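I am attaching a structure below and will ask some questions about it afterwards.
Just so it is clear, A, B, C, D, E and F label the chains in written order, and each chain counts residues from 1 on its own.
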Amino acid sequence: MNGFQYLWFDSGLYQIQIGQVAMLLVCLLLLFLAIKRGFEPLLLVPIGFGGLLANIPGAGLAISAVDAALTSGDIALVSQLAGIADLSAWTNTDEIYKALNSASAEANIQAKLIATGAGYSSGMLYDFYTVTIASGAAPLIIFMGVGAMTDFGPLLANPRTLFLGAAAQFGIFATLLGAVGLTTLGIMEFSIADAAAIGIIGGADGPTAIYVASKLAPDLLGAIAVAAYSYMALVPMIQPPIMRALTTEAERKIVMTQLRVVGKREKITFPLLMLILVALVLPSAAPLLGMFCFGNLMRECGVVARLSDTAQNGLINITTIFLGLSVGSKLAADKFLDPKTLGILLLGIVAFAIGTAAGILMAKMMNLVSRHKINPLIGSAGVSAVPMAARVSNKIGLEANPQNFLLMHAMGPNVAGVIGSAVAAGVMISIVSNM
Amino acid sequence: MNGFQYLWFDSGLYQIQIGQVAMLLVCLLLLFLAIKRGFEPLLLVPIGFGGLLANIPGAGLAISAVDAALTSGDIALVSQLAGIADLSAWTNTDEIYKALNSASAEANIQAKLIATGAGYSSGMLYDFYTVTIASGAAPLIIFMGVGAMTDFGPLLANPRTLFLGAAAQFGIFATLLGAVGLTTLGIMEFSIADAAAIGIIGGADGPTAIYVASKLAPDLLGAIAVAAYSYMALVPMIQPPIMRALTTEAERKIVMTQLRVVGKREKITFPLLMLILVALVLPSAAPLLGMFCFGNLMRECGVVARLSDTAQNGLINITTIFLGLSVGSKLAADKFLDPKTLGILLLGIVAFAIGTAAGILMAKMMNLVSRHKINPLIGSAGVSAVPMAARVSNKIGLEANPQNFLLMHAMGPNVAGVIGSAVAAGVMISIVSNM
Amino acid sequence: MNGFQYLWFDSGLYQIQIGQVAMLLVCLLLLFLAIKRGFEPLLLVPIGFGGLLANIPGAGLAISAVDAALTSGDIALVSQLAGIADLSAWTNTDEIYKALNSASAEANIQAKLIATGAGYSSGMLYDFYTVTIASGAAPLIIFMGVGAMTDFGPLLANPRTLFLGAAAQFGIFATLLGAVGLTTLGIMEFSIADAAAIGIIGGADGPTAIYVASKLAPDLLGAIAVAAYSYMALVPMIQPPIMRALTTEAERKIVMTQLRVVGKREKITFPLLMLILVALVLPSAAPLLGMFCFGNLMRECGVVARLSDTAQNGLINITTIFLGLSVGSKLAADKFLDPKTLGILLLGIVAFAIGTAAGILMAKMMNLVSRHKINPLIGSAGVSAVPMAARVSNKIGLEANPQNFLLMHAMGPNVAGVIGSAVAAGVMISIVSNM
Amino acid sequence: MNGTLLQQGFDLMLFGMGTVFVFLTLLVCSVVIMSAVVTRFFAELEVPQKGLAMTNSKESPVAVDSVKLRVIQDAIHQHRKKKQS
Amino acid sequence: MNGTLLQQGFDLMLFGMGTVFVFLTLLVCSVVIMSAVVTRFFAELEVPQKGLAMTNSKESPVAVDSVKLRVIQDAIHQHRKKKQS
Amino acid sequence: MNGTLLQQGFDLMLFGMGTVFVFLTLLVCSVVIMSAVVTRFFAELEVPQKGLAMTNSKESPVAVDSVKLRVIQDAIHQHRKKKQS
């Protein structure tokens, strides 16, 4: 019977591909890790679920109207679209799709008109992605919320810890070099933009990673975001061995002097000071650090409590829901199941390890020249992963000396790491897009 | 005097048409029912007010830029627009509008450029409609919120009640057949897409009805949404006579065994299980049921309480405000005052009645083959109308036996009805758009 | 070295212009006034910060893709864009930009395609502006929230005070005349649309001013919004001398009879009544007053408390954040540092003064014909600036008679002023855009 | 041209203030009539005080107080349980 | 043409109701299996009552009560301080 | 081509780490200067403790406690009223 046949051809069981099955399992694993193991659940639950949705066979939730038309359109439609890309109608649809992607803006608009004219429309997750990530808005709004949640008091009380946050960014650039090296050796196929986007995993900062990946390597965004959030959750496992290996028992026992109380006026001035510095030195970091400073100013100025409250709660929650689902849309099998993903996952953990080591070594170096000794354990907090990395510093410190509370001291390099990776993001976007 | 004359020509009193007067009164009636009689006020207050705004003469809040240009543009502009649709400049503007609507996507873009170039812009409600409903986003976001508010415990404790939710969807398809029949008899003029959209009223689920209508019959959306929400409010009046007529006193007295306690893990697994089933069997229901399952997973997983909270409150409230106003934009006189609206209102109540009856009869049928007897009164809750229909089951049950609390038992078919109508929506959108 | 040279050329220090330095200082001053002096901080903190962001040299956060292409594109790209505007490639880029702005919609789309095709994209603040203000949505949403926060009780108890709100709008039109006069004298260069937008500062109502300016004079929006909010904050300094000069000690001592209690039903009916009147008399005020009435109906009807709550909190906060940043985008040096800004600031304060005087004189006039005497001090509250102006009336009244509490009496004209300026906004937009 | 601009300004002021006054006068009249109609024919049965309280649903003293009361009672209950254990 | 429309309607009803029943039957089966698997192999260690309470994180009596308790204690403390000063 | 890619990578690392250190060094310097200026010339009159408390407006103990106090008082008042009636 025609209708039941139609429903069968339309069903997932008929259309499913092995890659989609694999990705459904991967996404269920992500959800398991998020829910049962507490892996950054606020992001990984929406990302994992978005990944499930993106891999529903035949639903096309994560694809554009043109993609949908190429996938299920008849030969006349496909040949029309192929014509726009100056290809023969008999070309593989994947190639037509790639050709259109690299075609001019006008060709893309024409292709979209043809596809929508033929009744095809973009999927829900594709629309979410366009609005939240392709526009750049969602990571910036989340960064504003993070700014509104950040207390710069510990950093202002001990500004030297900014150097630790700087050093830990070495993980980013070492990883970039690693990605470039793998390509040079012929093992992987990363462009310089890909490499920069992979490096940013070492920033250990979710919104920064998503922002950079969306600008430089949108196709790798899924793997990069998953790597960034997973390794942030794994910080309590990744960092301690490195921390113990690079420090002596005596160093781990160093007690730091209590932080001074930082006044309200300093806290209000700080975001403005940082913004002025961004304006003078590094305009390309202005979107990320600008929104971060704005959030922090709302928090500290004390006269816009209702806006600060909304930035920290309602707005960041709404944005997180749609950002997560949108990131999930990049977990579609044809994008995620790629040797590159393995490379990204491997390089990502290297990035965390190198960043951790660089932070600790920097602290030890500073102890060589400074009178006020720094416990090198707080150096590892420079990778960001707020507040997990600072807690790890505190825990390893307590193991060495049960009276030595490093938490507040580690918050300084911790938030410095956020600034550091936003700076690195700005530099990379600026240089790479002009290369 | 030129200026005062201008203001007089510009005033509502000069421009008002009898249809608009009628619609203003209809909308005031809707607001009265919502505010004084408690008819689903969360939706009907914004819908009613949106209807008032849409019928303000001359304000053009609910029309597109092209429509505005056709309505108040000079002859040169109108003839230019007519030219795009290959019509003579002397054609009636309504016909030009319709011709443009059915013209190619390129012609529409060109018409829009001409209209905006001449200084015309779309109205506020038209923009709201485009962003919230035409994009499909708002009903899906509301469905996510409903998922986050839904406790599947009673359904998991007694999964058989899913059959009641399935049976009650017969109201949808019987009504579809009714609409088709009226057309065959020459009384009305519904297309198959119209008929499907009207049938979905019987789903007794607001966002589902709006979602389906926006895809299949946008012009009927106003009447369909008003019918759906009004009849949902009227459930305590529509259902009881049918319930009493189809059940015996003995049946109404059936006491059901207390529901077992459902564990947390079952509740977490359920939305994932349902999503996998959607993926395998019915991808076309993925947007609606996917967002529903996502909301429910956020609720049950327990690790993203702040996202779940936002989905249930801030986000769903914001979406409801704009969804309601947008639905109201479809209450403009020229769309709503149509014999079709009468047909929709009539068919809608039939849909509720048939759905109620089908649910009860299904329960009685299940009692024929099953050992554990079901009180057939909970069958009527299968139409959805959460939680009103379940409360009605409880109330009628208490009348028969003051010790017989059916509320929790009725919640099972009640939420099953939501799933059932989302499935029906998926099937209809998929089949109709390929017919 | 090539790279460091690149970073230096890319840095703010290299690119900064004197105008941007000046604007950064102006914005810091705005932030100082907002944070330390309490100048309408909810708006001026985001506006001031947005202004800082807009003036970061080289970041281009406030400019369109075409603007970015003209600023930093190579000669081939610029000549291509110049070609669209029928200009030679050697024309100054500012002139090309202006020519494109006044070109047809099609030419603009083509220019945008070329710019995005060449890799240029619009800045973050430009996007925020497009979504929130150019669409008209944000001021309307804020107006809805203000409606949901407004209690019309005092106005309903003493409807005569609506006349005070009407009279105070004279400040708007006198200022309009002043702007036109300055142009006629050759001192400034305001078009009639500019003059109308400047006049609306006298409405002392932020969202109305932003809405009108975005429709009639987008380039002046920054200065107009800053003037409106600054002078609203300065009301306790601007109004008292005028109030004392125009009233006698005896008048200031007039005790008004206590206001009657207004019932719930009257409060529900009022927004609907006002909307019907708008529909019949002044459709062009429908967007502003419609949303205002909708907010108020949600507040008063009592059955949609969760929507009203969201309109008053989450939604208005989110909108305020982005509206403020977007207004700040218009504080870019090339737009704000213009003799026109000085004229706007000067005319704005005149507008407030004349509005205050007109309100007081109207009250005195009403006392000539009416038996129930009005304390003329509440006339000044007719300029809006809710609730500051009403508090000023109360304070000056207490100075004259320590037992004379005018606050509730002044709330009547205060909210009447909001209605009055929305009506004025409607008239001006309607007439000016048809002139 | 300048003369025209001034003329336009005058026109706008005239029509503008005119419309503002006409609209608000009509509003005053309608409000007076509406209030008379409502208070005469649709008088509210509730005591005005309660009507007032219900308007601002969030500040309704009755509702809030019952919540507060429960908060206290729960807390006391919890406190006692802690003492016992 | 009309005949076709009626035919389409019948087809849609048949396939629609069919799919609804097939889908929900599959769902019933999967739920039964899932519940059996979960309760047998992944039984929760917590007492069911507590499991239930933890699901609705917002209404968790334990968490809320501790907050309430602190509210009370702070308030009493504040009250005493006020009395002393 | 590959040689160029590696070169690009090295350049990016060099400039990147350079900028990060330059920027954060400048930030350290400015913060030190700013803190010195603020504490010397714009010292806050409030005791630091209070200044700290006011920063996080939501957790300001003073404000919150007064709210809590009112909650308690209202509840007690309500409770007494209930008893009387």
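Operating definition for what follows: a residue touches a chain if its C-beta (ideal position, glycine included) is under 8 Å from a C-beta of that chain, and two chains touch if they have at least 3 such contacts.
Everything quoted here is computed from the prediction, not taken from an experiment.
The greatest centre-to-centre gap from chain C, using C-alpha centroids, is found for E. Ranked by separation of Cα centres from chain D, the top chain is A.
Here the C-alpha atoms of chain A line up with those of chain B after a rotation of 120°, rounded in steps of 5.
In terms of their C-alpha centroids, the spacing between chain E and chain F amounts to 37 Å.
The distance from the centre of chain B to the centre of chain F, each centre being the mean of the chain's C-alpha atoms, comes to 46 Å. Computed centre separation for the pair chain C/chain D is 24 angstrom, with centres defined by C-alpha atoms.
Chain geometry summary: the mean Cα position of chain C and that of chain E are 46 Å apart.
Under the contact definition stated at the top, the residues of chain A that touch 2 or more other chains are 3, 6-7, 281-282, 302, 309, 314, 427, 431.
In chain F, the residues touching two or more other chains are 11, 15, 19, 71-72.
The residues of chain F lying in touch with chain A in their complex are 2-3, 5-6, 8-13, 15-17, 19-28, 30-32, 34-35, 38-39, 42-44, 46, 48-49, 51-52, 54-58. Partner chain B is touched in their complex by these residues of chain A: 3, 6-7, 10-13, 15-16, 24, 28, 31, 34-35, 38, 41-42, 45-46, 49, 52-53, 55-59, 61, 113-114, 116-117, 119, 124, 127, 313-314, 317-318, 320-321, 325. Interface residues of chain B facing chain E in the complex, by the touch rule stated above, are 156, 159-160, 162-163, 165-166, 169-170, 172-174, 176-177, 179-181, 183-184, 191-192, 195-196, 261-267, 269-270, 273-274, 277, 281-282, 299-300, 302, 305, 308-309, 416, 419-420, 423-424, 427-428, 431-432, 435. Chain C contributes residues 104-106, 109, 135-137, 140, 144, 268, 272, 275-276, 278-284, 286-287, 290-291, 293-294, 297-298, 301-304, 306-307, 309-311, 314-315, 427, 430-431, 433-434 to its touches with chain B in the complex.
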